[in-house]
Every structure is written in structure tokens, then in C-alpha cells.
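What follows is a single structure, and I will ask about it in a moment.
When the chains are written out, they are named A, B and C in that same order, and each has its own residue count from 1.
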Amino acid sequence: MAKSALLKSSIAKKYWMAFTGLFLCLFLAGHLAGNLQLLVPNNALNFNKYALFMTTNPAVKILSYVTYLSIIFHAIDGIMLTIQNKKARPIGYAKTDGSSSSFASRNMAVLGTLILVFIVTHMVNFWAKMHFDQNMPLQTITVEVMGQKQELYMMTNDGYMATAQVAKTKEEATKTGAQVYIKNRTEFYNTQADVKVGEGYKDLYKITVAFFKHPKYGLIATILYVVAMGVLAFHLLHGFQSAFQSMGLNSSSWTPKIKLFGKLFAIIVPILFAIIPLYIHFILK
Amino acid sequence: MSAAKNININLKIWRQKNAKTKGKIETYKLDNVSTASSFLEMLDQLNEQLVNERKEPVAFDHDCREGICGMCSLFINGRAHGPDTGITTCQLHMRMFKDGDTIFVEPWRSKAFPVIKDLVVDRSSFDRIQQAGGFVSVNTSGRTMDANAIPIPKPDADKSFEAAACIGCGACVATCKNGSAMLFVGAKVSQYALLPQGKVEATQRVLNMVRQMDEEGFGNCTNTGACEVECPKGISLENIARMNREYLKASLK
Amino acid sequence: MKLDSKIPEGHISKKWTDYKDHLKLVAPNNRPKIDIIVVGTGLAGASAAASLGEMGYNVKAFCFQDSPRRAHSIAAQGGINAAKNYQNDGDSTFRLFYDTIKGGDYRAREANVHRLAEVSGNIIDQCVAQGVPFARDYGGLLDNRSFGGTQVQRTFYAAGQTGQQLLLGAYSALSRQIGLGRVQQFNRHEMLDLVKVDGKARGIIARNLVTGEIERHSAHAVIIASGGYGNVYFLSTNAMGSNVTAGWKIHKQGALFANPCYVQIHPTCIPVHGTNQSKLTLMSESLRNSGRIWVPKKKEDAEAIRAGKLKPTQIAEEDRDYYLERRYPAFGNLVPRDVASRAAKERCDAGYGIEANDTNEGVYLDFSTEIQNKGKQAAYAAGNHNPSAEEITKLGKAWLEEKYGNLFTMYQKITDENPYETPMKIYPAVHYTMGGVWVDYNLQSTIPGCFVAGEANFSDHGANRLGASALMQGLADGYFVLPYTVSDYLADDIRTGKISTDLPEFVEAENRVKSTIDKFLNNNGTKSVDYFHKKLGLIMWNKVGMGRNEKGLTEAISEIAALKEEFYKDVYVPGSADELNPELEKAIRVADFIELGQLMAMDALQRKESCGGHFREEYQDAEGETLRDDENFKFVGAWEYKGDDISKEELHKEELKYEFIKIAARNYK
């Protein structure tokens, strides 16, 4: 009885909604902390280093899978709840008045769906490029050597490698006789020995800046991202404190504090997220 | 103090012959309604007019007309128990309306509250939830222990009373966009969970009541808080949280 | 017919115990073979159904509302008495017994009342065990308050919703039995007749109010717990659906109806506001602990107030007549209900009423003195020994809000006036009926197998009920009396077997019901049911109300008889029989109210004395107090139905014996 109840009953669905929701809030905080590095001037390297860490560290990997699962579960659970709730009122009212509840609380499903659409777009824009795009650029640095500009790949071992010496593929290397070629998108291989000599950074920073500074779509992307953060804010405005209520964590002394924190979180986190595209599009040179 | 005056109103009322037929909204005009009348007295007046016109009067539930029996319902102008807070429909007075107002009157809408006729709905699902566990299993021997044998901290007793003040009218379900009955069930679970007498059966009670609630087809709570606002007895959302907590405890046992 | 009250011999304090010890029992294995019908699910009905279900009987419970929890017991505000003596102020079973007899103006049975006092403590134990959240003090123990007409604190309460909490307690016990399958609950069902087989109650005919179906239900015993008949007056504090039909139908089948003229008029209700008013709202009697009742001393002030030219707050202290304090210095504003009600009527009749309604009926209940007293106390308690007037007023209002906040809000919602600023307007209203179906010590009516409990019977309150005693009686009957006495009766029925609903008696009763319904639906008159109900109410209020006299009563009797004729000739009932038809329900109920109304007037006419809620203007002393006639009227007046003409009903007298209490004039001065 007890076990099946924890999976099937209406209240159990609330627990899962709350639990995954709060986990996703944690994720948001972490994600934000990383992204805020984009606001620091001349910080491309650190940002890319961070991106590398986030995509390779095993602990982070596990966390990221939990995040994906949470998103999926949160969405599916939400859809199931919405279906149950629609069924509970087969005939609606001719006249309704929303004054007894907040806009956000009444529209969590719509807000959530919009956020899901945003997440997918966002992942296509960045995450997919990071993970799968064969043309993902590697981070380079331009230095002036004796009056001549030279472009160097930055290596994860803090070394450099001139871009001129590196071929994009092994075939190209054999054709041009380049000493080094790139394998698996980031690894530098010695052409003759076919051994790995180093690794570059995927230039997520560049991709990001290019995305929001795109001459045609940059402005629209910026606006859409800002709007998405607005949607997120409303979702969080209700969702954060609601999660505590669902998990039964309600007391006269704590609830007001949780509510206040939730409000601050719901406003501050999306604003900070939104500042990033705005900064890149309008301010960053 | 405002002196009573008479107003003329238009009513848009849901009419439905019985559970099997389809219903629709019909419009009525009612003149000379005293603002000192209660909303239900206004409906009495309408019915008197309809009977005199040889038309079928509007069926609506009501009984005590002092806000305690929980029998009256009505979704008035988009709000459960109408445009005022902390009251039932029978305590709503016509001074809340203006001359010339159009007032929508609809039955509670919920799968678990099917319409019987016009504005009358069947709320026996609430009874079945209560029957599933809303009690302390004690027989009436009169030989239980002395009433003062177990002192109960006043704050617990007070909170238990506040939860027990629920009149089972169903406004929470009616007003909830999800048609959820969790305020009702939460109040019942809380009343007993807060008292030593109720703690013995707490695990089974919450599991059984929630199971019955789900079987009746009520929606799920998304914490909009509308129920708390519209509840004529001011039952707090805290009770839903307490039920959630009790349920979690019971599920993990 | 000789009335046998079956009161056991022995000392009053031993009667019930000894009697109970010698009652017959039904063995547990035999109980499931026996069916019991309970009509009404208020405190008495729900507790009886739950208790009998627990014991193992097959119980069928009926209520006309959509749930047993709606019964009007739920509206009782003040509290429930019990002789626990938790407050150590000298209370005892005997004192509760004594106060109840005295409060009832020596017109109740000693043995019944003593039993009630004996089990009162068990009720509280039982309710607490069921999870009823009574008010508690900071030590976690049960709190008590004092209530009108007593000098001890024995009233247990749950804010202003004691009736609700007790009813929900009984409802929870009933729900448990329904869930266990031992009680079958029939909501939205109304009992429309009793079926007697070989002289015994063996079933009922009920109408399913949703489908209109006429159903036959058989049982070995029938318990009627359908409440009181206050709605005879149309306007009362009763619920709209409260009716006497179940009680009246058994009366027509041979159950005597006792003391119908004993009606309690509650002193603190909100006055009538207009002709479309449907019911009167009670403001808890507990308000009299803090409020002072007054009217202007000068008639011209009263007139100016009614005309809206003067506000009550503008009347100087010396121009106010605190008439209860003036007339009854010992009890002051806390005199019993009947005394307080009559005093209000006396002032209003004399032209000092302050409400601008048709009859000028209204007096003030003023909290300004209490605001000052409590405000000062609160200031001192907070260490402020020199509070300003504003501080006192503010603290005093806060005290009132803490104590009576919900009542004050309710008053404001209804009247649109702020009782913190201006005195409340109150006036007496019909509240409770002490009379009812005559029952013996076993709560059995003169029909074998037909038991009557709670407000529906006549037994415990005499001519006037004390505050917080109705809840006590309902639960005592249901939890602690009926389970024993009904079992005693049923002990002879273990071999009877199921009662068939195909018996000719069922067919006959069903036909009676159907023909009544057909008559109403085909009557095609010109006036609505409410028209007649309101008309009846006016006759009753004016002539069988707080003050009665021979002339008025005689008029009332003939007026009601004429009204009955007009009703059957001219009532219009729309709709059909096979659907939810509230107008039809009302018509059936009003038909019974009209007949009972006539009987009430007859009973009031024959009772040539004043006692409790029955005040005959001819029988009062020089100061306007009631004059009882113990020589000639120390009896229960029980009426026997003699056919359609109510004026033919025959009066039977059950002489009341006072062996353990010295009968005396009731004095609250």
C-alpha cells in the first residue's frame, strides 16, 4: 500500500513535482554562477575552462544526467497533473474571476511549457554545439610576434600551438604536411606518430558572443532570451514556495521566510540570467 | 450604516432539468430587491415570481441560512459564495450589488460534484472521504477515560478546532482551477493529526482518505491558494501542508 | 388511554443505574438479524445510529439534507453543559439536575432530567475521545464558561461553534459505521409516513428527494430524531428545511404529542428587516455575558431613533433604561431566556422599541461598558496604570474581538453596522421547542417500537430549556439512553425475522403518501406554499407567541383551521412528483405545520397558567412575572390524534411528581 501510494497518488505526484522543481532551482543557481563569468571582461579562457570542466568532470556528468531526468520528470508529471486536473472539471464556468489566486499560480502549466520550449531551443543553440557540432571552434589567441600577428590555439596544459601548423583533419594534414591535426574535435595529434600531443578548448565563449551579436538574429535572440527569463521568473515566483508547501514544509515561522526567499530568488536569478544576453548584445565590444 | 434600498437586477442562472439532460444559462429580470436581503432571499423572491408566472422555480441547496450547515453553494459572478470573503452564500447580502447589475449564478463545477438539478449538486463524495477515515475509532461506551486525562496544549487544540471548523460546503473544490478537494481533506486530516486521540490511527487515516479523494475524481492541488481565500471558514493552507507531511510520513512507514 | 411513564422506583440517584442493570439484552450474534431505522441525523439521530451500528444492529439512517453533517444541531453556538465540576465551583449531578428542573419551570420529569445530568459527564469524555476539539486553557485542560440562568461554570464549548463540533463528532462516528457497512445512509430522503404492523412500528415510507421515488423501508424499530417544530412560525432560528413531518406523521399514527405550546423564544437574535426575510439569525447568548441590554427611557427618544434622527450613542447614560438590570438585579442581563425575551417584548409593546421595522421590535445590546472595563483591565495588566481614554477603548475593543470576533463580524455582514461602535440591535426569535412527541422513560412513544429522541421528544426541558442543554440532551439520548432501551425492546424480536415490505400495511401507507403528493400537484391553486407558511407564521407569532391570551388563542385556532382549508383549496405546487421538487417538499411540510400550529394554540389555551416559555397574559403577578398554577397544571399535556379535524384532539394528562426537588416559584431577582 505505502509503496504504491508513493508513486501513484495525487499527493505523491506533488512530492515529485516539488522535489524535481527544487532540484532544478539548485541547477539554476549553479548554471547562473557559471554563466555570470560571461560578464567579466577578457574572461573567455576562464569561461571555456569552466565549460570544459562542466562537460568532462564525472561528478558533474552525473549531476547533469540527474538534471535532464528532473526536467523530463518535472514535465511529464506536470502534464499528468494537468490532465488529471482538466478531467476534474469537465464543464467549466461561464464566468470566472481570478481575484482569489495569483496569475502565476493559475498558469504554471503554460509557463512550464514555454520554459520547456526555451530549454530545448537553448540546448540546440549551445549544448548541442558543445557536445556534437563538428565545426565547434577551439579557442585561439592572437599574439604579435615581431610585428606579425599570429594566431595560437590555447592548450589545456597552458601551452600554445600556432593555428597555421594545425590541420583540421588527418587527410588535410597528410596533404599539407602539417605536423599536427585535430581529432575528436579538441585533441591535437602528431601526424607522423599519431599520438596525442595536447588538447584545445572548445570556444563556447565565442559561440555565445556570436550568437547574441549575430548581425541578423542577435537582437531577436536577445529579446527572446529575456522574455524567456520573464516566463521563468513567474514560474519560479509560484513554484519555489509551492514546492515547500507540497512537501509539507509549512509553519507559521518558516513559511514567510521561505516565501520571501522564493520571491527574491524568482526575481534575482532570471534578471541576472537576462543581463547576460543584454550585455553581450548591447555593451560588449 | 447604510439604509436599505431596492435595486433591480438581471440574473443569468444555470438551468438543468436533471443529471442526464444538458443545461444552459437563462436570463431573468428581478425588480425591487431589497439590499438588506440575503442572496438566497433574493432567489426566494425570484422563485416566488416564477411560481406566480407558472414557471418552474430554480432549485438550489440551502438549509441553515446562517453560514454553518454548509448546504448552500453557488458560484456567483465567478466566485464561490459570491463577491465577499469569509461568508457562505446565505450570508451574502444584496448590498454587495448595484442597481442594474447582471449576476451570473452557476452550480459548483466538479466531476466529483455532479449536478442534480439547476444549481443543486451532489457532494456525497465528501461523505465517502470522511467514511474512509475521518474519525477516531472509539465506541460509544461512555467508559472512555476522563476528558481531562490527557492535557492537550492549547495551541494544538486551537489549531485542531480551526481545521475542524470546515463546513464541507465544497467552495474549495468549486473555486480551485483544478477542482481539488485537498483543503477539505487536509482540514480533516489535520483536525485529528493535531490531537493525541487522533494520532493512533494517523497513518491509515491519511492514506485511506487520500485514496478515496483520488478515486472520487478530484483534481490535484497546485497550491494556488484560491481555496483558502474563498473558504467561508478561513481554513488555512497550512492544513494541506500538514496533510502532505502526514502522507509522506505514512508512505515511508 | 392511560399514560405510563415507566419511571422506575427507587432513589433518584439510583433509578437509571438499577433500571439499566435489569433491562433485557440482545446477544451480539442476534443483533445483525435486527433492523433499526433512524430518521434524522442531528446530534440525537447521528449518535443513536452510530451507537446502534457499533453494537451490531443493521441501521438505516435517513436525512433530508445532502449529508448527515448538515443537520441543524450544527448551528448551536454556545456550548454543552456537563456536571464535571472541573472549575471547582460546587457543581454536581444534583445541581445540574436541579438547575434544569428549575429552569424548566417545574414542568419536566425528575427521573429523565436526573438521568440526563448523570450521563452528562460521559458525553464530554466520549466527545473528547472522538477528537472533538473543545476549548482548552493554557494548562491544556478543558475550559468552561457560565451560561444564562446558572451560577456555575459547567458549559463546555468550542468557540461559538460547539454544536458544529459535537455534530461533526457524531457524524464522524456515524461515518465510521457507514464505512464499515453497519449503517446504511440515505441522504436526500424524507420520511413521509410510519408503517405500523400489528400495532408496532415496523417501517417507514420515505421519498427519495432526487428521483421522487416513494420507497418502503422495514425495520424492527423506528427512531425519530427529526428535531423541533420552530418553523411553524415561518421565521425562526431553525434551518429552512427543519420540519415536524416525521413527528407529526407518527402522531397521526397514534403517538401522543406533548406540551406543543412550550416554545422557547431566544432573546438575542437579529431583528426582522423586511417582508422577504426567510429566517432569523441568532447571536450567541454568550454575548449577554458582556453586553448590557437597554432601550431609551423616553418614548420620544425611541421614536427619534426609529426615524433615523438620533443615534443610540447620542442617548445619555441617564436616559437609558437597562431594564433587565432594573428588574432582576441578582441575575441582571443573565436571566433565563424566557425571562429576557418577555422583558424585551414588554418594552417594545410599551412603545420603546428601537428598530425601524413594521413592528418596531428591537432593543439594544450594548458593549460600551464592557469595552471600558476590559480595556482598563488590559491596560493595567500591561503595566499601564494611567491609560488614556483612547488606549482603554482600543484595548477594550481588542478584548471583545478576541472573545466574540466571529460573532461581531457575522453581525456586521448581516446588518452592515459595526457593533464595536454602535450597540447591536436584537430581538427575541423562535428558537427551540420544548414540546414534542410524548415518550416514556425509555424514550418510546405510545406506539410500541417507535422511539423519539432529541428535540423531537418532549421529555427533559419542561416549559423552558436552559442554555447549553439541548446539545446535552441530544447526545445523551443517542449515545447513552437509546442503545439500552431500544435493545430492551428488541430482545423480543430476535425470532421475528425480516419484515417484508410487501405487507398490506406498507402498500396502504405508500398509497396514503402518493395520494397526498398527487393532491398537491394536481391542486392547481393560485398561491405559493410560502404564502400560506408566512400567513401561518404571522398568526402564530402574534397570537401564540411570547404573550398569549384566551381571546388571541381562540382566534388563532379558528384562523388556522380556516387557513388549512384555504391551503388545500388554493395552494399551487409546480413541477412533478418524479424529480427534485423543493416546492412539493415544502407543501408537505407546511401541511403538517398548519395542523400542529392549531394544536399548539389549543394546548396554550388549555394551559391556564404561565410557565417557562408559555406566558398567558391573564396569569402574571403585579410585576409582570409568570404565575404558575401547580395545583391544576402540574402535568404533561399529551394530545391524541382523532382524525382530520385537529380541534377534536383529546388531551391526556401525565401528572408530574416532584419527590426529590421542592417545587418553588422560579425567582431570578
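Convention: a contact is a pair of C-beta atoms (placed from the backbone, for glycine too) under 8 Å apart; a residue touches a chain by one contact, two chains touch by 3 or more.
Protein identities per chain, from UniProt: A = Succinate dehydrogenase cytochrome b subunit; B = Succinate dehydrogenase/fumarate reductase iron-sulfur subunit; C = Fumarate reductase/succinate dehydrogenase flavoprotein subunit.
As the structure is a computational prediction, the values presented were derived from the model and not from experiment.
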Dominant chain pairing [most C-beta pairs in contact]: B-C
Chain with minimal offset from the mean of all protein Cα atoms: B
Rounded Å distance, subunit A centre to subunit C centre (Cα mean): 69
Centre-to-centre distance between subunit C and subunit B (centres being mean Cα positions), rounded to whole Å: 26
CA centroid of subunit A to CA centroid of subunit B, Å: 45
Touching residues (chain side subunit A, partner subunit B) in the complex: 1-3, 5-6, 9-15, 81, 84-85, 87-97, 99-102, 105-106, 108, 238, 241-242, 245-252, 255
Touching residues on subunit C, where the partner in the complex is subunit B: 47, 50-51, 54, 65-72, 74-75, 84, 86, 119, 121-142, 158-159, 161, 163-165, 168, 171-173, 175-176, 178-179, 185, 187, 210, 237, 239-241, 273-274, 276-279, 281-282, 308, 409-410, 413-414, 416-417, 422, 479-480, 483, 528, 530, 572, 574-575, 579-580, 582-583
Complex contact set, residues of subunit B against subunit C: 1-4, 17-18, 34, 36-38, 40-42, 44-45, 48, 51-52, 54-57, 59, 61-71, 84, 86-87, 91, 93, 95, 116-117, 120, 122-124, 126-127, 130-148, 151-154, 157-158, 160-161, 164-165, 167-168, 191-192, 195, 197-198
Partner subunit A, residues of subunit B touching it in the complex: 12, 14, 25, 75, 77-79, 83, 104, 106, 109-112, 175, 177-180, 182, 207, 210-211, 213-214, 217-226, 229-230, 237-238, 240-248, 250-253
